[in-house]
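Shared chain: subunit A. Partners: subunit B in the first complex, subunit C in the second.
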Partner chain A sequence: MSSSDAAVVEKAAAEKTAAEKAAVGKAVVEKTAVEMNVHVRYFAAAADAAGSEDEMILMNAGSTLGELKAELTRRYGPDMEQVVRTGSFLVDKVVRRDLDWPVSSQVDVLPPFAGG
Partner chain B sequence: MQQWTALITAEPIDEAAVRRAVEAPESGALVLFCGVVRNHDGGRNVLSLDYRAHPDAQDIMAETVRGVMESSGLTIAAAHRVGELAIGDIALYAAVAAAHRKEAFDACAEVVEQIKLTVPIWKRQHYVGGISEWVGL
Partner chain C sequence: MTTPRMPHTGHSAPLVAAGPPLTPERLARFSRQLLMPGFGEIAQRRLANARVLVVGAGGLGSASVPYLAAAGVGTIGVIDSDVVEPSNLHRQVAHGMRDIGRSKVDSIADTVAAIDPNVRFHRHDLRLDSHNARDLLDGYDLVMDGSDNFPTRYLTNDAAALAHKPLVWGAILRYSGQASVSWADHGPTYRDLFPSPPGPDEILNCADGGVLPTVCAVIGAIMCGEAIKIITGIGDLLIGRVTTYDALSGRYRELEYGRDPDAAPITELIDYELFCSGSAPHTAHDDAADRADGADDTIDVQTLSRHLANRSPIQLVDVRELFEAKIVCLPDAEVIPLGALVGSLDRIRTDVPVVVYCHHGTRSRMALDLLQSRGFSNVRHLDGGVDAYATLVDPALTRY
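Showing the complex of A and B:
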């Protein structure tokens, strides 16, 4: 193999590596475009049901509060089901009960209020 | 000018401070409401309770109070205590000032209703016999 042949092979290898990197990069971009990490915070009875104060939950982009509610019930069973059945969510500082409302990067799970 | 409209506090509520927040020379009626910890609920004997509030609860309560101030045109302030409360402690204190009593009574009832409905505060009751439960589930 001549030195010029070796240079061609090296160049081809470099191009292949670049193409692979680009493909991987594209896959990462596509993945972040369809999925999002939601920081879910639990309060009062919700924290008792989840056994923690907060966690990250990976959800499809555009997921709704209804889908989060279903996921929480799947994870934590009847105790959490009881909380979210009559509870609400705090999304971007606003209390939401509409289950078609989209999740954002942080959602708080609020048991039914009992102030006063 | 009113200094504040809503307060969430871990300390005993300063009743005079809530009253001062709404008092004005043109007011002929001052209606005050105390929500007090009682020793029974749903037929069971209550020993004490814990109130917990969401970190944004004070902002949400201020918004709720402002809403009733706008709809009634009156001056209102309210304070909610959190933490461990004993029987007889004041959990919620609301004050409404108006020129005449009727509108002050109505607005006070309304603001208390709205606070209970809209402010993210939770209550855990401790019953005789060592059982504790979150209220409202």
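Showing the complex of A and C:
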């Protein structure tokens, strides 16, 4: 990939992210100031634990990743607890480890595995 | 929900320069891919000039190395220190019955030679480590990781990043697979997706969790496809995206990821066994404390064999699947598969010490955690499982 290609990709991605952020902010404001819908996508063992590939979870605006993880464990028990302990949680496509990080409208849950 | 397609980046720059012109025989051999729009003779000469290093000759290596050879990659190196075992054959289709007991790199070298004897094949019958990684990667343009453990995956990622080389990685377990391209100079890496490794006993491997053979085929083929695209400069690469495959639903789903803003820069190779051991570097005092702690809930095979010989009152609980107990089982063990354990707690005795075991010690560690969380205190798990027992105590037992 040439540097100019990379620059085009990065610029497009930045524009896209900015547009998405604006869309997300608008949707939340229009819906309600106190609650937000979080679209959670589950992959591999996370989907097994949840029994579905994705769902909308209604949370208080400003809820944190820690609160989402607790909610998932409460809903789905030990199998999900294992996923919560070892899996990656991506908020708006960026992995977040800080439990105080605010969740947004999209969270992806991806467990690692190393089989080859 | 639809995911908007990333803007088409057009043709990324090819990784490898074109080699010398091809003979008519070679042109005929590759004619079916030379015909494709956007491919052509120059792309084929780039493949012929390319040097690809594949880490692991297991399920993913079996599904990618033969395709690399068939597609015309000129130089292929494979790293693996294992020998072929009967339990590999359901998914590692580059090996056959006659290869049992042979080194996997020798076996897959024969597979490659049968496809195309013109391929320059390098056998690396060793385990990739922090000391040999730099020199090994030096001789190649691109790395593919189909290894079977986390320390190797983080090592391969870091070594490729430091060498400014693209890494195509894939991973499989049960009915699921993942694949992506990690290329530090152009986008996020494996560490941006998985910043911290799970503890050594927290995630099942294929030996303990099982794997559908066709998942290897799917993910290995995706990996090989990305390698061909990187070498020849065609298409959009799986950079900043991971493709996931679920064989049960038959669905592929994609997940985009950016750089981890909290990630420390990769500056050197580290001790990856330690990194993935679940404990940060610590003092000798901590080590002693760990050993003392570990002694409380782990039992080694020699100690267990003495207990069995003395007919000590213990309850042996086998948490493997029922079919595994038919292959080999310790005497008087009660079989309660791990998945059924939480519903069978009334079968766990509290009047005698309990020892849980499995194949290698991963599932029994999970069973131990579960039982301890439910208040069972007099429980230990067998370090190394029935496989260690067969290896170190009773060679008459079947290994699988």
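Here, the second predicted complex is superposed on the first by the 81 of 116 C-alpha atoms of A that agree within 3 Å, B and C clash if a C-alpha of one lies under 4 Å from a C-alpha of the other, contacts with A are read in each partner's own complex, and residues count from 1 in each chain.
FYI, a contact is a pair of C-beta atoms (placed from the backbone, for glycine too) under 8 Å apart; a residue touches a chain by one contact, two chains touch by 3 or more.
Note that the structure is a prediction, hence the values are computed from the model and not measured.
Peer 1: Give one of first, second, both or neither to describe whether A:107 is in contact with subunit B, with subunit C, with both, or with none.
Peer 2: neither
Peer 1: Counting only touches as set out at the top, which of subunit B and subunit C does A:65 meet: first, second, both, neither?
Peer 2: In the superposed model, A:65 contacts neither subunit B nor subunit C.
Peer 1: Look at A:50 in the shared chain and tell me whether it touches subunit B only, subunit C only, both, or neither; answer first, second, both or neither.
Peer 2: Neither: A:50 stays clear of subunit B and subunit C.
Peer 1: Is A:115 in contact with subunit B, with subunit C, with both, or with neither (first, second, both, neither)?
Peer 2: both
Peer 1: Taking the superposition as given, does A:84 touch the first partner, subunit B, the second, subunit C, both, or neither?
Peer 2: Neither partner.
Peer 1: Once chain A of both complexes is superposed, is A:97 in touch with subunit B (first), subunit C (second), both, or neither?
Peer 2: Touch status of A:97: second partner only.
Peer 1: Mind working out whether A:40 is in touch with subunit B, subunit C, both or neither, as first, second, both or neither?
Peer 2: neither
Peer 1: After superposing on the shared chain, does subunit C or subunit B touch more subunit A residues?
Peer 2: Counted on subunit A, the partner with more touching residues turns out to be C.
Peer 1: Shared contact residues on subunit A for subunit B and subunit C?
Peer 2: 43-45, 82, 86, 90, 93, 95, 108, 110-116
Peer 1: Where on subunit B does subunit A make contact in their complex?
Peer 2: Per the touch definition, subunit B meets subunit A at residues 35, 51-54, 56, 59-60, 80, 91-92, 112, 115-124, 134-137.
Peer 1: Which residues of subunit A touch subunit B once you look at their complex with the stated criterion?
Peer 2: Touching subunit B from subunit A are residues 43-45, 48, 82-83, 86, 90, 93, 95, 108, 110-116.
Peer 1: Can you name the residues of subunit A that touch subunit C in the complex?
Peer 2: Per the stated touch rule, the residues are 1-2, 5-6, 8-9, 12-13, 16, 39, 41, 43-45, 47, 53-54, 78, 82, 85-86, 88, 90, 93-95, 97-98, 108, 110-116.
Peer 1: Would you pull the subunit C residues touching subunit A in the complex into a rising list?
Peer 2: 1, 4, 6-7, 9-10, 12-13, 56, 58-61, 145-150, 152-153, 170-173, 176, 178, 186, 192-199, 202-206, 209, 211, 237, 240, 242, 244, 246, 249, 251, 253, 255-262, 342, 370
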